[in-house]
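Here you go, one structure.
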Amino acid sequence: MKPNMNQQEIAEKSSAILHQADKCARTLGIQIVEVSPGGAVVSMTVHADYANGHGYCQGGIITTLADTAFAHACNSHNEMNVAQGLSIEFVRSAKIGERLLATAVEQSNGKRTGVYQVLVTNSDDRIVAIFSGKSFSRNQAIFSD
Amino acid sequence: MKPNMNQQEIAEKSSAILHQADKCARTLGIQIVEVSPGGAVVSMTVHADYANGHGYCQGGIITTLADTAFAHACNSHNEMNVAQGLSIEFVRSAKIGERLLATAVEQSNGKRTGVYQVLVTNSDDRIVAIFSGKSFSRNQAIFSD
Amino acid sequence: MKPNMNQQEIAEKSSAILHQADKCARTLGIQIVEVSPGGAVVSMTVHADYANGHGYCQGGIITTLADTAFAHACNSHNEMNVAQGLSIEFVRSAKIGERLLATAVEQSNGKRTGVYQVLVTNSDDRIVAIFSGKSFSRNQAIFSD
Amino acid sequence: MKPNMNQQEIAEKSSAILHQADKCARTLGIQIVEVSPGGAVVSMTVHADYANGHGYCQGGIITTLADTAFAHACNSHNEMNVAQGLSIEFVRSAKIGERLLATAVEQSNGKRTGVYQVLVTNSDDRIVAIFSGKSFSRNQAIFSD
């Protein structure tokens, strides 16, 4: 990688490469709002197609949104990371049409594993879900120049 | 509800009502393979649109599949339950085109809360993910006759 | 309860009652450093008796410390809450003799359930463990006057 | 290690070495009931000193019991493993004087990480807690001859 890239530029380039290949995010209409070293903010509007049997946004789709923020955060250091596992607590239902924001922060980043928290909030800035993701490093760069 | 319905009939009717309203499951092509009192098996083929930035099925989509099995299992007693939270460990990547099966079993079903384990397996019958869902009862029937 | 008690006084009284009955905390030498509405800080020194087979503080004992902070935080509103479940990620080993601090914050507090995050740190202020606790309200006061 | 040791003998020797060094298990009175390749059963009687502020066995102590079963299971292949993290759902309170059993089974065992489920049951064989542990391999043997 260019020796003169700073951490923010590395985060942005890693994120752009990841998003370019991420069909799932595009399928769901997930947008990358911002990335930073160890952090990411992504957003999605709850489409009617995402409704579960109770009429609210399916929890797995909220998880996918949070997981996407997590992916951009844990891959922001130009080191390829995959999700080992995650947990999520659903605090408030998300209605069809609501725009959700998922904000990921790095809580720990060790040699091989990392821990990231993601808060999913609605347009009233109230918490919809609290997510924790565990990453595992592939010991491999995302880009090389 | 009809006094002469048995537990299996109740599970099937609850599941049919849930699936009928579940746009997300239909959007993703999730099929209900079978339901039983406290249990459910659902399946999904990994569409190219579900690929993450690394080219494998996005973990949130695997979570959605498992969450759907969990929803049918925890709503199988004609008592409306919602997901409080879940955790999932990703054991093996799922490739585009693979058919995944999610099998939910009830581990605990208390007055207000329940715990369900879901195993997601691939066509080789190998574990893709291990999921645990926590349900919360709305103290409300799904159907009344 | 006295009509003139403020939220901080309620938190302190709830915590004092809880700690008074908490034999486990006393057995392990856990001290309550401070409580606030929705929050708590507790501490413990890692005794040689808490070592696991690898020579570091057993993860379950770190969990007990975090769980104690969680208990004081989720019981700080004079409403009896019990732990439904918890998850914890171990980030760094804790050595015998180290003094650990567990700091709990309320992330969500609904009608019946709440979510609390606890960070366990060592004397260098580095994260040892990241804990998430889910509470369930008994709909019952802790004290009545 | 002796070329003629079978998997069961390896599990028993790994467990004996681990238990010998495990001061925490001895402090709490945890006994190793049996080990097998990938599995372990351990037991503990709830001492009055383990009571929380509500008068039942502190959840962290139940976690420590489950974590001990997990440790013996994930270290049963003569490969040193540590806990990365765990989650536990508390299903039923454990009273003072009750004898608890924790039974660990291996759900996944990859190159570096593994997933183990532990069920904690009481003397009526009812589930007290459902635990999931994530292991990380140190790529190091427990014993060499």
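Chains here go by letter, A, B, C and D, matching the order in which they are written, and residues are numbered from 1 within each.
We adopt the following convention: a contact is a pair of C-beta atoms (placed from the backbone, for glycine too) under 8 Å apart; a residue touches a chain by one contact, two chains touch by 3 or more.
Here the structure is a predicted model, which means the values were calculated and not measured.
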Labels of chains that are neighbours to chain B and to chain C: A, D
Touching both chain B and chain D (chains): A, C
Greatest separation from chain D - chain, by CA centre: A
Whole-Å gap separating chain A and chain D, where each centre is the average of the chain's CA atoms: 33
Centre-to-centre distance between chain B and chain A (centres being mean Cα positions), rounded to whole Å: 23
Inter-centroid spacing, chain C versus chain A (mean Cα positions, whole Å): 29
Two or more partner chains touched - positions in chain B: 84-85, 87, 89, 134
Chain B-facing residues of chain C, complex: 84-85, 87, 112-113, 134, 136
Footprint of chain C on chain A - complex, ascending: 87, 89, 91, 107-108, 110, 115, 117, 127, 130, 132, 134
Touching residues (chain side chain D, partner chain C) in the complex: 17-25, 27, 48-55, 58-61, 63-68, 71, 75, 80, 82-90
